[in-house]
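Following this message is one structure expressed as structure tokens.
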Amino acid sequence: MSESASTLAFYLLAAITVVSAVGVVKSHNLVHSALLLALCFIGVSGLYVLLQAEFIAAVQLLIYSGAVAVLLVLGVMLTQRSSMADSNPANDWSRWALLICGLLAVVILSVVAATPWHGSIAAALENSIPVVARALLTDYMVAFETAAVLLLAAMVGAIVLAKGVEEE
Amino acid sequence: MNITLLTSEILVVLLGILIMLFDVLLPRQESRRSLGMMAVWGTLGILLYTFTLAGPPATVYKGLYVLDTFAVFFKQLFLVSTVLALLFSLDYVQDWSRNQGEFYALLLFAVAGMMVMASANDLLTIFVGLELMTVVFYILVGFHLEQVKSSEAGMKYLILGSASSAVLLYGMSWIYGATGSVVLTEIAGKASASPAVLLGVALMLAGIAFKLAIAPFHLWAPDIYEGAPTPITAMLAMGSKAAGFAILLRIFIVALPALQDYWLIAVSAMAVISMVGGTVVAMRQTNIKRMIGYSSIAQAGYMLAGLMAADVPGVQGMLFYAMLYIFANVGAFAVIVSVSQQTGTDEIEDFAGLAQKSPFLAVVMTIALLSMAGIPPMAGFVGKFYIFLAVIEQGHLWLALIGFIMSMVSVYYYLLVVKTMYMKEPKDSRPLLVGSSIGVAAVASVLMTLFLGIYPAPLADFAKAAAQVLW
Amino acid sequence: MFHEYALQHAWLIPLLPAIAFVLIGLWLRRVPLLSAGLALAVSIAAFLLACGVGQAVIAQGITVEQPFIQRVPWVAISGLSLDMGVFIDPITAMMLVVVTLVSLMVQIYSLGYMQGDPGFGRFYAYLSLFVAAMLGLVISVNFIQLFVFWELVGLSSYLLIGYYFYKISAREAAKKAFITTRIGDFGLLLGILFLQILFGTLDFAQLGLAIPAYVQQSGTGLLTLVALLIFLGPIGKSGQFPLHVWLPDAMEGPTPVSALIHAATMVVAGVYLVARVFFLFDLLPVALQTVAWTGAITAFFAASIALTQREIKRILAYSTISQLGYMMLALGVGSVTASMFHLMTHAFFKALLFLAAGAVIHALHDQNDIFAMGGLRHKMPVTFAAMTVGVLAIAGIPPFAGFFSKDEILLAAAQASWPLYLMAVVTSGLTAFYMARLLFVVFFGPEKPDNHPHEAPLSMCIPLGVLGVLAIVGGFVPYTYHFGDWVRFGPASHSGLDWAIAGTSTALALLSIGLAWLMYGSGRVSAERLAWRFPGLYRLSYHKYYIDELYQWLNQTVVGGIGRALYWLDLYVIDGIVNGLGKLTLRLGDGLRKIQTGQVQQYGLVLFGAILLVAAWLVWIEPALMGGVLS
Amino acid sequence: MIGLVHYLTVGTLLFVIGLYGLLTKRNIVAVLMCIELMLNAVNINLIAFSRFITPELATGQVFSLFTITVAACEVTVGLALVFRVYHDRDTVLADRLNWLRW
Amino acid sequence: MTVFPFLTAILFTPIFGMLVLACLPREAERMIKLIAAVTMSVAFGLTAYLYWAYDFARSGLQFTESIPWIPELGVSYALGVDGISLPLLFLTMLIGLAAVFASWKLDKRPKEFFMLLLILLTGVAGTFVTRDLFIFLLFYELVVIPIYIMVIIWGSTKRVSKEYAGMKLTIYLLLGSAFMLVGVLALYLNAYPPGSRTFSMEALAQAHQLGHFSEEFQIFAFLLLLLGFGSLLSMWPFHSWSPDGYAGAPTAVSMIHAGVLKKIGGYGLIRLGLLVLPLGAKFWAPVIVGLAVVNVLYAALVALVQKDLKYVIGYSSVSHMGYVLIGFAALNSVSINGAIANMFAHGVMSALFFAMIGHVYDKTHTRHIPDLGGLAHQMPRVATGFMLAGMASLGLPGLIGFIPEFTIFVGAFRAYPWQAILAILGIVFTALYILRILANVLFGPRRPEFDHCADARGLELVPLVLLGSVLVVFGIFPQLLMGMVNSGVEPMLPLLAKLHQAPSMLGGLLK
């Protein structure tokens, strides 16, 4: 990809991501929010591609845009019996929230700007999947196994909690 | 690659899976108490096994997972608290119509997460271990299907917990970005006072402080303590908090000592706010679990004060305190479970006349609470003594003064409970029968609390050995 | 040799009654006869020993300059050692004999007077305690011993005044006595402390040597203060103005007690103290002047009150105060001899007067008002005789005892300063007047039909007889045997009677008695008319110059008021701060608790607000601070 | 040239937007969505650092994998809890959850 | 060394008795009381033997025992008594024994009561016998909680509720101890370099002599200790727990608290404040003297207007503690002798007072002074007890109170004459309030409503006889006490002599 193309792609994807994220937050319809969330996830996965992390981008699409978004929509459907029109209201503290978020953004952005990043000049790995795979099963083996237990526990827990609803 | 170092974690997970399997195999009507006993004995066995782990530090692979005295200390701490918490869970959950097997199994998974946290030497493993623990706790907090408060507590915990996890993770990402590494020992060499690192430090500190229920990141704690099933409240107060301290110490002592000057002030402010705020608000509580929730905020403040010393004695004091806090909590929660079994609620008023209905429980409760307050000859005094000794040595006399004053003020609300138990007449004359497993937990708590208070040397030595590993 | 034995064992004199006190108090209380028997036996033994000591003083030539001293350590710590001991010189010997003799008489008298009283055993226990304390005081070898027994004397007088503890008046009188004397003791204690600090010793003999040397070196300024502080003690104990108020009230005790303590012996402890430490006062003219003036004012002032009082014991009490003033006056003008002489004769005739008054009261079933009495001379001849002797003795009519001692005092006063002499003489006239008034009102005039008096029993008459004889010869005999050679300070000053002074005072006394006869005996001059003519003076005198009221006000309003004010301060300020802090903490708890709204997103706001603060602090502020510090 | 700073800026924006939603959305499901946004922001950071700071090690990529896993678990459990709350309280609004307070 | 470990035996006798009691059924009331009595008798007997066997000539710490306890911190289980602690230990056991008998008629939950009482006594005794600061702290706070429980269960509600009184007492003293704890920790850390640190009191005192404590440090640390020990000693203005607390507490607790517990404050000031931080003590001495004078006069005046008997004695004890403080702060051997002896003396007399008040309250159910009167008619023995205690309290010679007070005056007069004069003025006010209650409670006309009230008899007489005889015997033979105390003070003489030149806060201003 040429540099200008990638620049353009970046801005486009960034815009998609940020705007759809704002949409998630601002939309009054929960279903719209969920769909915008999926769009946002897609934008993020596009950014991953730009960052040459294709594997992660794929995972992002699969898990986030696929599973998580669908799960959320499912949740919306199951708990929202009335109309969707005003299903996603905001509370009364938005002013404070805006202040805090704004200031936090200022702080973080100032950090981004002020930090002397020690960037590596090395090019990205052509194919990062083997590296990731090796890291997962060697260096981060314990974390990997732990994550497995985590998934098991989350599954069991989710079933137990959700089943309690079904049977009654 | 030395997989045997993971034996204890593996055993805990296997035990959990085994319990789930047995749960399926057992006929539906049969009492699930056996599963609980299995968990207790299994955990006890693993605990005994951990005593063989003492030795020079060893790493699993490339130093990302270490088994040193520090890790062993915390693993034993988690296992001890689990054994004791399980002991009084038996009676608590036996009325549940189902899911008892899952309850024990999930609890064990949480313990596995804590154990991973204790050993993890990189941010990634720490994070995953932490998430294993907290996600399981989200579930367990909301696990009491018959109690409305339980699901509310679970939901609140999940929202705030996830947000704080995101903050912690965000902080980790900045550290990673600034240093190019997630391994603690490598970070130590590269961390400089660049804005990104400082931001990372701030966010991680906040994220961990949330798990520790340090003020002003504590707001979840009282609600969740009140709403959660009592054994889970106990585990949150004991295990979760201790695990939080384990990673706090690992990260800040091992990885970020160079920035000590920066985070110490924030830490001291948080410690003071916790000690004062937790104590002051606890004075006005009427629910015993909620009161212990607030008091645990103050307790976390005392422990955090030990970090102010940022040296071996300080950490030694924190470790010592974390251990004795287990025993104090076990005693208190065992009594709370017993009383609420009979009355059905957790209000302090329900303790009226306990000294006459069951003098044993009243004594256990008194000793446990006084240990938290730090009154000799209970262990709590020695713990505070170690911590503030170290703090004063580093010149923070004012902090010790605030700490001691607050611990004496805290006696006020602990004594309110004592007063209710001893002075008020019981509402009904039914004698309170103490279940055998609860009795065992209570006796263990009292004996250990008194033993550690009177003869702290063995545990103190152990804690010192553990603390020295970090340097 | 008995007197040798007595001298070596003089410490037994106070110890024996003390043992009697313990025995009676703990076990014998319930058995009246045994109690009284033990107390009497002990008193007799003490009297005999005291006589032995007296004999030894004469036989062995013990003088004021060469006393006989024994000491045993009592308390010894680094930097302070206190002894107990025996200090015998002629003054001590005289006091021992007088105290044991009078107390013996009173104990015999009480056999009859207190007969049938439910607290008979207790009474004798107290009496024994008193005797022990007084004797211990007399033989004191140093200030601390003196102070110890001084206080014990106070205690026993407290107990005896409050003997009828069920009477509110007795209880209050006892309290008053204790507290009033305590004020004096405060000064005495301070004085003692000063001496201890200045000289490192409290021993009389050692101080007697050290003080003159000190005066030579450092002058008299501080020592005068010390002496005045010490003198506060005698003011309290000996009922000197302005701490005399307890003494008249002390008459609430049983009459034998009044005789023993508040007339004859205890109250002279103050006088004795000044005499004992005269080596100190002698060097300090200012202190001496104070003593003299205090004595003179007290003498006159008390006599003026006694003129108008109606209660028989009260009149006697004021006369006691007055006579004590005389003794102080004598000391103040430098005559230990005169003072001690008067002390002795006063002990005899005042005990006699009180015991006789007791007999009257006893006969009239606790009637105290003299105007309710009258014409008793027929029914109670012995008592009448005793009273007459007593009155003549106190009025200073020769050859009764009082004449000689009073004369010596007047002489000494005349030699010192004429205002003092004038006051003394006028007082002596007043004394004769009110004593005669008492005698005439009680024993002459018509009999009151309501009274059914009877003569006192034998046990009460014997002491009256003995004391009567002593009141007659107690002045003349010592006078002829040169009392002043023994009991003195400095060189003996043996002067004969000054006929001018003696004549004046005797004439004045006779005149006063005559006036009293006119007013109360024959009724030619109306006392009421006189009182009506000078209403202010009369009221002032009758109400004792309102000094009691002043003290009452001080105690109730000033001290009590300060106490109440401080209590208010304690409750609402000091405790208020404490409680306020507690409440504040609880309020704070309530307030902070309200942060916990249960709204998860508000928690989130706080949480992230805090995160923002921490982040901003670490990222912005702290590096700036550190940079500032570093650069 | 698009560099690290750009990606970090996007991440930052995503993080605060998610945070804003977390603090203001009443519906719990929406709150869960916002948490996902925040986690995605972290992932952007991680991947960007991985690309620009440690391109040869891909540590950030590994990290982000775990983040995604954890996020999935959280959302699963979160939704299960939403069902429970909905069952118990018949609401999915966060501000109705105020039985536990003070 | 195979000497019998007397102090350990004394310390553990009550614990052992407590454990025996724990095993008894709660209905066995008489048995419970008997065992408590036997336990305390044994402990008292052992202590009395020690008092007798103590070798004056050798002075210093005797009957020592020492076992390393927490070597890392330099803590050892070290016991020993000297002329300062032995009288206080003796006092503890004496009052403990008396308190057991003073509670003989207690019928509400006796098992718990006597168990707590024994724990309490162990705690108090422990502070006096230990030579190790750490162990001292353990025992120091051990006593607080039993007292709280005893107050709220067996106490009485008058002007303030017993819950309030108990809580106030507890929190107040604990807050004070917080300052003290910090002071102690600072002391420990500054005494020796890491590695050779120790909590041994002798070693800490040694540290001063080696010059390890700078003057600034001593001044600061002493202030912390003063706040702790001073509030325990009810130093003005930290005294307000004392009257309320005593009024709320049951008889036995009032006896022990006023009798011995308070004295731990004075003991600590001498043991730590003076011996370890002499320059600090010297610096603050003028302040302490000033406050102590306020203590004496203020509390005496307030006692004068009290209506509740226990409040009078409560304030009276505050007033008497002023004398102890003056004696301490005058910092010479005579005054310190007096301060220690006065702690003993006040302990005995206040315990007797509270025992008698307890008896009166048991029988008449009131402590309100205007409601009482003429009790000498119905209760002559109790009246005797009151008289003895009262007379000792106002410093009557021949009873125990006089010589200690006199010694304090002599010592204080030397150092602070003007303050001493003010303090001595206190004896007048003391007489006022003591005589006021004696007169109003004991004397006056017989009141028929009290005719049913029995005098103390049988075992109830034990406190009176025990404490009363100590009052008298030690009063007549003060050397029994003063000799002992002096043997404890004598080793301080060089220190005190050196202190003489040390600067104090107000310089020579007030001297």
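Think of it as A, B, C, D and E in the order they're written, each chain with its own count starting at 1.
Definition applied: a contact is a pair of C-beta atoms (placed from the backbone, for glycine too) under 8 Å apart; a residue touches a chain by one contact, two chains touch by 3 or more.
Quantities reported herein were computed from a predicted structural model and do not represent experimental measurements.
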Touching both subunit A and subunit B (chains): C, D
For subunit D and subunit E, which third chains touch each of them? B, C
Closest chain to the protein's overall Cα mean, using per-chain Cα means, please. E
Most remote chain relative to subunit C, going by C-alpha centroids? A
One chain pair leads in contact pairs, namely A-D
Measuring between Cα centroids, what's the chain most distant from subunit E? A
Distance in whole angstrom between the CA centres of subunit A and subunit E is 70
From the mean C-alpha coordinate of subunit B to that of subunit E, what's the distance rounded to whole Å? 42
Cα-centroid distance, subunit A relative to subunit C, in whole angstrom: 101
I'd like to verify one number: the distance from the centre of subunit B to the centre of subunit D, where each centre is the average of its C-alpha atoms, in whole angstrom. 26
Where subunit E touches two or more other chains simultaneously, the residues are 171
Each of the following residues of subunit A touches two or more other chains, namely 91, 93, 96-97, 100-101, 104, 107-108, 110-112, 117-118, 120, 139-140, 143, 147, 150, 153-154, 157-158, 160-161, 164
Two or more other chains touching the same residue: where does that happen in subunit D? 4, 8, 15, 18-19, 22-24, 31-32, 48, 53-54, 59, 62, 66, 70, 73-74, 77, 80-82, 84, 87, 94-95, 97, 99-101
In contact (per the touch rule at the top): chain pairs: A-B, A-C, A-D, B-C, B-D, B-E, C-D, C-E
Which positions of subunit D touch subunit B when the two form their complex? 4, 8, 15, 18-19, 22, 28, 31-32, 35, 38-39, 41-42, 45-46, 48-49, 53-54, 59-60, 62-63, 66-67, 70, 73-74, 77-78, 80-82, 84-85, 87-89, 94, 97, 99-101
In the complex of these two chains, what residues of subunit A are touching subunit D? 3, 6-7, 10, 14, 17-18, 21-22, 24-25, 30, 33-34, 37, 40-41, 44, 47-48, 50-53, 55-56, 59-60, 63-64, 67-68, 71-72, 74-76, 78-80, 87-91, 93-94, 96-98, 100-102, 104-105, 108-109, 112-113, 117-120, 122-125, 128, 131-132, 135-136, 139-140, 143, 147, 150-151, 153-155, 157-162, 164-165, 168
Residues of subunit D defined as touching subunit C within the complex: 19, 22-24, 31, 94-95, 97-102
List of subunit A residues in touch with subunit C within their complex: 91, 93, 96-97, 100-101, 103-104, 107-108, 110-111
Can you list the residues on subunit C that touch subunit E in the complex? 73-80, 82, 144, 147-149, 151-152, 155, 162, 165-168, 170-172, 174-175, 178-179, 182-183, 185-186, 189-190, 193-194, 196-197, 555, 559-560, 562-564, 566-567, 570, 574-575, 578, 582
